[in-house]
């Protein structure tokens, strides 16, 4: 009889737009994270082939703005999101093409796979793009891309679109003209702020985002080689550098961070898991990662995802260096006091491989 | 013919778990926020009646832990979420009952409607609850509730459950015993840290969360009266106070903030909209709010929601003070550089009322 | 012969305005701090008697501005400085007198011994002064004092004058009129910001100095009593509170901090020493302090000084509470990374008394 | 008759170790800064000649530790201080000599004039010194210097000795051995942290001092050239860079900052004055500075001083670049809320030259 009354009560709750906690068990407050995103890998061959097709078939017109093809994690119900918070796409720009100027509150970066005469202009500061460059688009700065050459350029886009959408915080504007006016000094922001260990002495404010538009690959590579020489390394990530705002030491974006890391030949790192999700792009080399017991073999150009709280470790099986570029939402987790880490203690830190992707 | 090829390309994208930006238009990057949560109001009479029924029919056992009945915003597909990021529930505790000790990473507060001999114990610091008290449960601190009297107690729960779930950052643990050991000094944390303008001189660290477990109503009310006497007021919120961590000046939680505000008799505030969402509880008085052109009349005990980026203004139509307690996710927005505000400039700041809820 | 050459070299250095390190030994870089200020105590009877004489003989005219009589530490060569960094004076204001408005970059506080109808106005915010009130004068805010009654008022001034002089950072201005315009709301800043655990919700900036002009004694005393009830105490300072900026948790001034502390009856604290100097004012009670082995007996109204890095401990020999107000330059030391502390481990933390002052 | 009484009162004050404010006028609180340090210049020829003599006559033994010859500002009564807060010395190290390991709370840097096979070791991190390198000695880190070659090395020492002495905050210790153990990886800290725009991803703390022991000249020079190319410059200091902690963006020391600046050929900067003092070392080139109306001509190797609140402007009269290294106590002033700046508005920002030094 009581059961009938309880059923009636539940019905009454429903009609009143109420939901009792005790019917939810631990769906809303699980004992530990249960992400919907799943570990996944996208092969470069396939990505490139389809991007090339798009380059032929799809024109860049106002409205589209960018020929960007987003990773859609199979666990996220068809949404174009690599993880719950991160958007990652391959962007293809044909020779002589222009991706018109716009701005938005989503925080954005580009990691260049092949620059080929293309440029990025952020608030009038134009930089020509080379393989390995990291380009920043802080929120609400006007930016456009274009190509002076006949060749296609290709890069990886990283944005916090899923997070911004979830937070209902997006604003987006088109500029009245396709291409911004450009400063007369090329590489202006790199010349002015690029040293990292020094800053213009007369500027006293601490900018929220890095004042440099681009981290050039030559310097990044040098930093990786230097760190390797120092003799120190991370047990989980080997020779790993975080790109930082040189004036504050903070991550390049407020919601996500960018890393570059070298897994040296024959290095096998130890597994750990973190309350944050990461998208990796294989910039150089080959090897595999074990994510939640699944082995993902990767080669240059592949992209793969480590969802929240999944154990992961990396292995370089070759005699050449492997270099991974990645973005992760750890700054979001830290800002909101949600970050946690747990090292895998068993078996020397190496997971048992339960399956191969 | 090209169309066929494009269709084929789209099919290939789908099979490869890719999604092109140009098919999404501005679904993922809208020109301005388009929240799913809608403005809504829950009447106290109904809430109380159903909570009372639950008090009779539903026992508190391990597993359930709390007799909490959550607001389920009709725009959020049946999820027990008041807005995209905020959980708000009415909690009912019968006389002599104990809500057993647990802890979790979700950040939590309780605002007491009727204390009636009940207490809250956070990490051994027990405080007896009175109407208008704000009780804090910072993440991963053990907390339990109980009642020494024969009467039921009732309060409003506020948590960041939806955000924590979205971020996949929840951890939850039960204590091995129902009720924690209790410090011998009652109100310990209030006695030690409650002054606000002074602090124990020998403690130098800056705690991330307020070291006081409870903001007592007597002090809160005095602060409201004092602020009113100062002659200053907010055009949008009249006599509005934010509860703060007295050692840092920050919001009580990292992901959300708590406010108490008095709308004085006959005051009609000016509308504005913000990139943040708010849940209001009518602690005293009556009046109405206009949210996105809809008039919501409210009385003591009602709860209502202002979603993200919706214009809102408040009116006290009576000759008595009206007091609103609220929680909002502005700290999340500010930490991630997503906050924005826009004042409504037309018509003296007052929206046209298009409908009545 | 070499000695002659060395003498000649030293002479040459001198003529060239050079000074070799090796002739200085550890004068400039001692092995541990060797302050010039010495432990000292000024008796209230004497101070009061001389201040009263000054009240009769010395008129307040433009130029003089304040009838302030400064403690001149005998170790500091006749300078009016209590310690190397801190100025402390007794200020006497006759009934109906006005101490005209001025402002300066020195950071200043007043601790009221007897208010007697006098007021302090800081930037138009007038507060009537009562025994035990702490009044703030942040840098470059206009301030004047006056009396509406026929009686004299008396208080303790604390400023960073010696530090500001040393740093060559003082600016000083007279207002064109003796007395500022006054806000119509009395106690405006206390009403608006005095709660400490809450703040006006619409003000987002974090002010460098406390926005309240005065910490009223009634609240201070309550906080002391509450802290005593909490059961916690400092081994070196017993029931000790630091006044803080309620919006940031920082010390009231950037260069110095203010404390109020109660030594409970029969309490004998443990000695320690710190890289900072402190000036104490005995607000209530009697007892003694042992400073660097010297016993200083004190009674209500006395002022005494603990120089840098001198061991000190406090004793209340009576059955009544003793209350000490103090200022110390610890914020300066911490800001410049100079602070250190060392506990006295021997003999249960109690120094041997080598002499009595 | 009253005068007699006042005289008597003053005598009584004196005997009671009191000093009335009204007898001091604005000695202790001047209307604007009146530093004792005066503008001064030391010629390199003379400095070098005397340092060379010292190299012959004075041996480095325990106790002396360093063959450092300090600038003694003629306004500071024979004290070995360049300004009220800053110590600057020329240090001479003979070939094969060792300056034994010690540590102290004074914050210290070395700017290398001629390295010549010498090294600096800070906490085991050994760096070989080259002309133009800036070496850091944060407080209480063990450091020693030595030479592997037969030639003398020479550099400029910069420390906050006067400030630390004034604050009574110095601690000093000798290591039990002359020379520290050395890390096996040369330039360890530069390799690990030198990039500036990236940091080891697994280190999350923000170090108070730069984790790099040395800023190498090659990188510094490149940064100057790059900044010049950016087209931006400071009206008062031309191409001026502040060395920073790459992990926080703060000045290299808590009490003082180091700058490197290029005055381009024929540039004449505009005068301003600041609440801070600066010591300049002419690293390259020739020109003059006008300080408080006095023209100081300088050439490579000269050292000169701009005291607090003195107008100053710089001129490069040659066709070659002039490079000035400098240290200033602005971080002290900012930390204590004492900094101020005033631009000289008359005569196009150029002072009238009243005399030549």
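Think of it as A, B, C and D in the order they're written, each chain with its own count starting at 1.
Basically, a residue touches a chain if its C-beta (ideal position, glycine included) is under 8 Å from a C-beta of that chain, and two chains touch if they have at least 3 such contacts.
Because the structure is a prediction, the values reported are computed rather than measured.
Visitor: So which chain is the furthest away from chain A, centre to centre on CA atoms?
Guide: Result for max centroid distance from chain A is chain C.
Visitor: I'd like to verify one number: the distance from the centre of chain A to the centre of chain D, where each centre is the average of its C-alpha atoms, in whole angstrom.
Guide: Inter-chain centre distance comes to 43 Å.
Visitor: Report the inter-centroid distance (CA atoms only) between chain A and chain C in whole Å.
Guide: Each chain's C-alpha centroid was found; their separation is 53 Å.
Visitor: Nearest whole angstrom, what separates the Cα centre of chain A from the Cα centre of chain B?
Guide: Centres of chain A and chain B (C-alpha means) sit 32 Å apart.
Visitor: Would you please write down the residue numbers of chain B that are in contact with two or more other chains?
Guide: None at all.
Visitor: Let me make sure I understand the interfaces: which chain pairs count as touching?
Guide: Pairwise, the chains that meet the contact rule are A-B, A-D, B-C, C-D.
Visitor: Sort out for me which residues of chain B touch chain A in the complex.
Guide: My answer: residues 2, 5-6, 9, 12-13, 16-22, 24-26, 28-35, 40, 42, 46-47, 50, 53-54, 57-58, 63-74, 78-80, 84-85, 87, 89, 104-107, 139, 161-173, 208, 254-255, 275, 277, 307-309, 332-333, 335-338, 340.
Visitor: Which part of chain B faces chain C closely enough to touch in the complex?
Guide: Chain B residues touching chain C: 184-185, 188, 190-192, 194-202, 206, 210, 212, 215, 219-220, 222-223, 226-227, 229-232, 234, 236-237, 240-249, 259-261.
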